[in-house]
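Pasting the structures here.
Shared between the two complexes below is subunit A, which pairs with subunit B and subunit C, respectively.
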Partner chain A sequence: MSEPFQKFRDWIDNRHEYAKEWKATRNRRIAGYFCTYVPEEILIAANVLPVRILGSHEPPTVTEPYVFAMFCHLCRDSLAQGLKGRFDYLDGIVEGQSCLHLRQAYNAWRLHIPIDYAFYIHVPHGVQTRHALPYYTEELRKFKRSLGEWTGRKITERDLARGINVMNRNRDLMHKIYEYRKPNNPKLTGLEAMEMVLSSQMVDKEDHNGALEELLKTLPSREMDRNPGVRLMIIGCEDDDRIFMKNVENLGATFVIDEHCTGSRYFWNLVDSSIQDRLVAIADRYISRIPCPSKDWPELTRIKQAVNLAQTYNVQGALVIQNKFCDPHGIEVPPLREELKAVGVPTYPLEFDVTVPWGQFRTRVEAFLETLTGLEELF
Partner chain B sequence: MSQETQFWKWPEYRYTEPDKDWRKAHIITAGIDIGSVGSKAAIMLDGELYAYSVMRTGGVSEATSVKAMEWALKDTGLKKEKIHYVVGTGYGRVNVPFASRTITEIACHARGAHYVYGPTVRTVLDVGGQDCKAIRCDEKGKVLSFLMNDKCAAGTGRGLEVFADLIGIPIQNLGEVSLQVEKDPPPVSNTCVVFAKAESLALLRQGWSKEKVAAAYHAAMADRIADLLARVGIEKEFVVTGGVSKNHGIIERLTRLLKIQPLEPNMDPILAGAIGAALFAKALQEKQLGLR
Partner chain C sequence: MTNPVKKYPTEPLKCWNEAKSLRTQYYENYLHAHKNGGLRWAGGAWSFSSVPAGLGDDVHSVTGEPYGATIAFHKDFASECHDAVEAAGFPRTLCAYMRNYWGAILLDKFILADGRVIPGYPTPDFIWQDHICCSHGKWYEIVKWLEKKKGKEIPMFCTDVSVGYSLTPPEKFRVDYIVNQLQDGILWLEKVTGRTYNDQLLCDAVWNEMKSTSLWAEVCALNQVIPTPIDEKTMYSLYVIGTLMKHRPECAAFYEKLRDEVQNRVDRGIAAIPHERFRVITDTQPPWGFLKIFRAMENYGVVSLGSLYSFGLIGMWEYQPDGKWIPKPLPSSKPATREEALRAIVEWTLNRPEWAHFYRPELKTQMMKSIVQQWKANAVLLHYNRGCEGLSVHIAENRLGLLKDGIQVFSFEGNMGDEREFDYPGTMARVTAFFESMGLEKLSTEGGP
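This part shows the complex of A and B:
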């Protein structure tokens, strides 16, 4: 079988070329978004292509005048892409309130990079209160109206239904593919899973759904010619470091599941299509989704999800990635590790920055793998 | 630069056990520990230390590993090819061309500490050239958990080398000099070698004695190391391996901070990683021979 995941890899490697061509051939607008709390359903309903703004993992050189150096690398690296002109095809930017760092990236972009449209959605932090749903619904109503004014075209119920359907289809297909990570020898590596989910945030969902449907035809019969080794989970905030994934999986391990906002957390929850009012349905999806820790209080529900995934996917150990200066996720690391330990899943913490010191990380990851399985017979 | 002004330069050395004969051994193994600053080769006969070498890691790890091995074997009549199994460890473990397998220095230091200090060891602190590891192990020397310092070389041997050059005192004497104060002054920065150096320079310019500045520097290193140990948890017996284990200024301050006395080694603790690797090599050779 040829490389079934090559399409996703190519989309990531050529994301800007793809977007420019998409825009030229369809003569439609593209909006960049920073956080997964932006409801792509409404952008799609407005015939706008939503693409997630992510960094490039190059040493940062241009953001210092705009963002405090002790803000997380995701916000600095994302803004750097804008300042370097790599997203020069964007017509608009949208941010859904999550953390101060991404808000600063959004504001710096809005103020210093020419852009036709910018909208900040006030996603509530108190998602566990009963007020969250009506509040967020009204925010989405404003967003919908604003998008209609910008594009000069009113968004209809039918448009919203189309946005919901294409997003739910995408989520459902990726769920189906994640099932193939469960067998003893998973049908896909963690890197491939990451490339699949990442690319879904970069291209037209219709195109992505087509590729996922093709993949599902061949994946069940895919023969993996690698020893899966240790079944690992990766947990963290935003994580799109493909080199790290590849390197770890070359040490005799396979990431069989993830819990981070560029992975399962991005697509895990579907919009409930039985809810009559489509804006309420969309709002409900984002209020009740697996939350970002910036909104996950007083109850720590994301940790329950991480434990559930660890057990469902039968992991032997978990790497807990902490993006440097990401306080919301950092606060959750101690209870997260305790809860996983309580169900017999050992964890090891690693701190990520724009670039990752692989030499040091290699020793730590290898030693962690050795403690999980490797050296028992040598004592 | 003349030898006299290279204060960072610690001595290289080798040793052969005169009472042992490799010709009588059933299993000859070697562990090569290519650290970021120092490289160590340990040759073992049936699981007993026979010969070793300790030298600086050069720019090319492959060449250093060959040199360390050849130096350890010098005048023994034993050739590299006669060694049954070689395990590479340390930062440059993947660059040992004649190693049959690599194992991390975390596992090797725990196993080596078990050999050097005995089976009561439960907590191993390895302070090497550019990193610092706190390791918890079981009665067999098997790793249970571990932590390493984050990125910066503050609290490691490389930091001491930088400081030795700044202050103009040979690195072997630094620890003793740092103890020649009545009471430790406030520590310098413990999060960055460059900041710590800059602060130390400022203190020297303020008129502090070298002893007092050395005390401030060592106190900072000990604080940082103690913090790492606290995170992994300390259980008796506690031991220190790696090059910095030879610095009494660090060991004494750690003892004060942690209120726990590290065990005294009965052989050179800088070798723990290489010895652990050679012991793993013995187990691997036995496995190959169907003996385990």
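This part shows the complex of A and C:
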């Protein structure tokens, strides 16, 4: 079996071409979104293609007049893509309230890049309060109405059911593929898992589901001709740095699980289709999903999930990724490390910026891997 | 020889010492609350402080941001706090107030308003917070976590207020979301303290808070006259009373007295600085360890008469139909029931000017332009504050918006609570060059150029 993950890689590498072609052939609109708190179900129900806006890991100097440089590179790099015209096919942008950083990218985009439609969803932060659900449902009703006005087409219950089904299918299939990360010799690398999830945020979910179904047919018989080495976990901020993943895995390790919003946190929870009112069901999914740290208070619930994943996937160590200036994640680093340590998972923190200084990181990651294998004691 | 710059009469504020003693008393009350069977709580300056007031008059708080600023002002202690927080593994890019606050807990020390550092951090009985900035809820989540490591379990309640901002009255479902949380909050307060809640005390506290925040705006509005009766550096020592205890009767009473005194200064032409000839406003918290900037500005005849921050962090304002920005008048009657009180304070709070920029930079720019015009400011000094992502969010957009309207803007980078990130000589060199480009020369001691 040759390169079963190539399709996902190609989609990422040619994401803009894909989107332009999709638009031309289907004559439908495309909306960019910044954070995974945007309920894609409703966009799909409106026949709008949701695509995630992400950076390109080039220094985002063009954003200097619009965003103070003390905000995280993801928000600046994402905005830079818009300013450079790379997303010129977008008809609209949507943001689902999360951190202040991405909110800035959204607002600067709204103010400085010509766009037909911009909607800010006030996703509650208080996801641990019982009042979040009715509030968020009402907010989603507004979003649905607004989308209907924009597209000139009323969104029906049937449409919502379709949106939920396609999203749940996608999540379910990715869950199944993540199961293949559990064996001693995983059937996919961390890089491949990342490429699968990332591409899901960029292309039509129906196309993605098709590719996942194909993959599931062949994956069980896949023979990996590599030594998996140390079983690692990657946790933290948004991270789509494929080069970093590849480089670490080339040092004699495999990322067998992740906990970030370009990985498991994006798709882990499904919409409960037994809930009659579909908007309530969607609202419920985003409120009860594994939270972004920006919404995770007064109890640190995400850390429990990270610990659970580390144990279920039998990891030997974890790299904790902190995007420079990211407050929600940065605040959680010490308790996260402590909880993982308590279950016997050593961690190593790395601060990411728009580009990763691999030269420095290599030595540090190698040293960490050596501590995990006990090799350092030999010398 | 050029003419000397006009000299205005100045005099110290009479109620200055009262502000000082209110502040000292506040920290002492918190510290000694347990001695008299009282309760202590911790939370942010924006939390709904009138709600715990319903537990009784012996319930005292320490609000986080002013406490973080107090630490910042005492640079040596601040530096110890930063070291402790970094040693505990937290990034140094986080909110500087929050790091100062955690640092004191980690060091197990408490700083009083006058800079005295005493051993033993006085643990609160409960945490009562709200959340609009990324760090609000998480700040106290970590306080809870740090205290737990010391074997202390602190219950925490945090109200989500991130429902957006609008210049028109907020939609009902948004208000309901917050009111419903506060209703739960009251039941929670009863449970964690074992006390019976008193709705009358809540109604009084809500009314006091509305009075205090409206009165503070009235004080700030008096700075529209030339010469300005109080400058921003002085205002920092006065607005802080509101950030500590906006719901207390002594706060409302103090602001009433202050408003009358400032009015009297206006009537008599008393100025904040003797040689006022160039009026500026600032933005966001200042670098607290370097308030001498304001004195250096005076040497050029420059007065800072306020900012959206010092006017609107605590003060409540509203736009009139003619576009004028005025102190928000009190509602026609005081709330009489729990539901009325909660609804009133939520609707009032959602109007807080310093919340606008969290959502739409255009709204903050509009308010800043109103201040420039109504307060007759010549320029805006924008502090790109690395210490506070909450108040720096969208600041670059505000700069663009002001420039677009032909307003002079000088921006500088700093940090309100971490002196390692503020270059005082460099900033002063740039700011004086800016004043010189505005045609100002340094004044001689006699006030001549």
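Rule of thumb we're sticking to: the second predicted complex is superposed on the first by the 375 of 379 C-alpha atoms of A that agree within 3 Å, B and C clash if a C-alpha of one lies under 4 Å from a C-alpha of the other, contacts with A are read in each partner's own complex, and residues count from 1 in each chain.
Heads up, the rule we're going with is that a residue touches a chain if its C-beta (ideal position, glycine included) is under 8 Å from a C-beta of that chain, and two chains touch if they have at least 3 such contacts.
Because the structure is a prediction, the values reported are computed rather than measured.
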| Who does A:Pro60 touch here: subunit B (first), subunit C (second), both, or neither? | neither
| In the superposed arrangement, does A:Pro357 touch subunit B (first), subunit C (second), both or neither? | first
| query | Quick one: subunit B or subunit C, who's touching more of subunit A? | reply | C
| task | Could you tell me if A:Leu111 is touching subunit B, subunit C, both of them or neither one (first, second, both, neither)? | result | second
| said: Let me test your reading of the model: by the given contact rule, A:Cys99 touches which partner, first (subunit B), second (subunit C), both or neither? | reply: second
| Contacts of A:Tyr135 with subunit B and subunit C, given as first, second, both or neither | second
| Which of subunit B and subunit C A:Gln322 touches, first, second, both or neither | second
| said: Tell me the contact category for A:Gly82 with respect to subunit B and subunit C: first, second, both or neither. | reply: neither
| Touching both subunit C and subunit B, counted on subunit A across the two superposed complexes | 351
| message | Taking the touch rule as given, give the residues of subunit A at its contact with subunit B in the complex, in rising order. | response | 351, 357, 359-360, 363-364, 366-367, 370-371, 375, 377-379
| said: With touch defined as at the start, can you tell me which subunit A residues reach subunit C in the complex? | reply: 64-68, 70-71, 97, 99-101, 103-104, 107-108, 111, 120, 122, 124-126, 129-132, 134-135, 138-139, 293-294, 296-300, 322, 324-325, 327-328, 330-335, 337, 349, 351
| task | Note which residues of subunit C are touching subunit A in the complex, please. | result | 88-91, 93-95, 98, 127, 131, 133-135, 137-142, 144-145, 156-160, 162-164, 173-174, 176-177, 180-181, 184, 358-362, 384, 386, 389-390, 392-397, 399-400
| task | Note which residues of subunit B are touching subunit A in the complex, please. | result | 91, 103-107, 131, 140-146, 148, 150-151, 280, 283-284, 287, 292
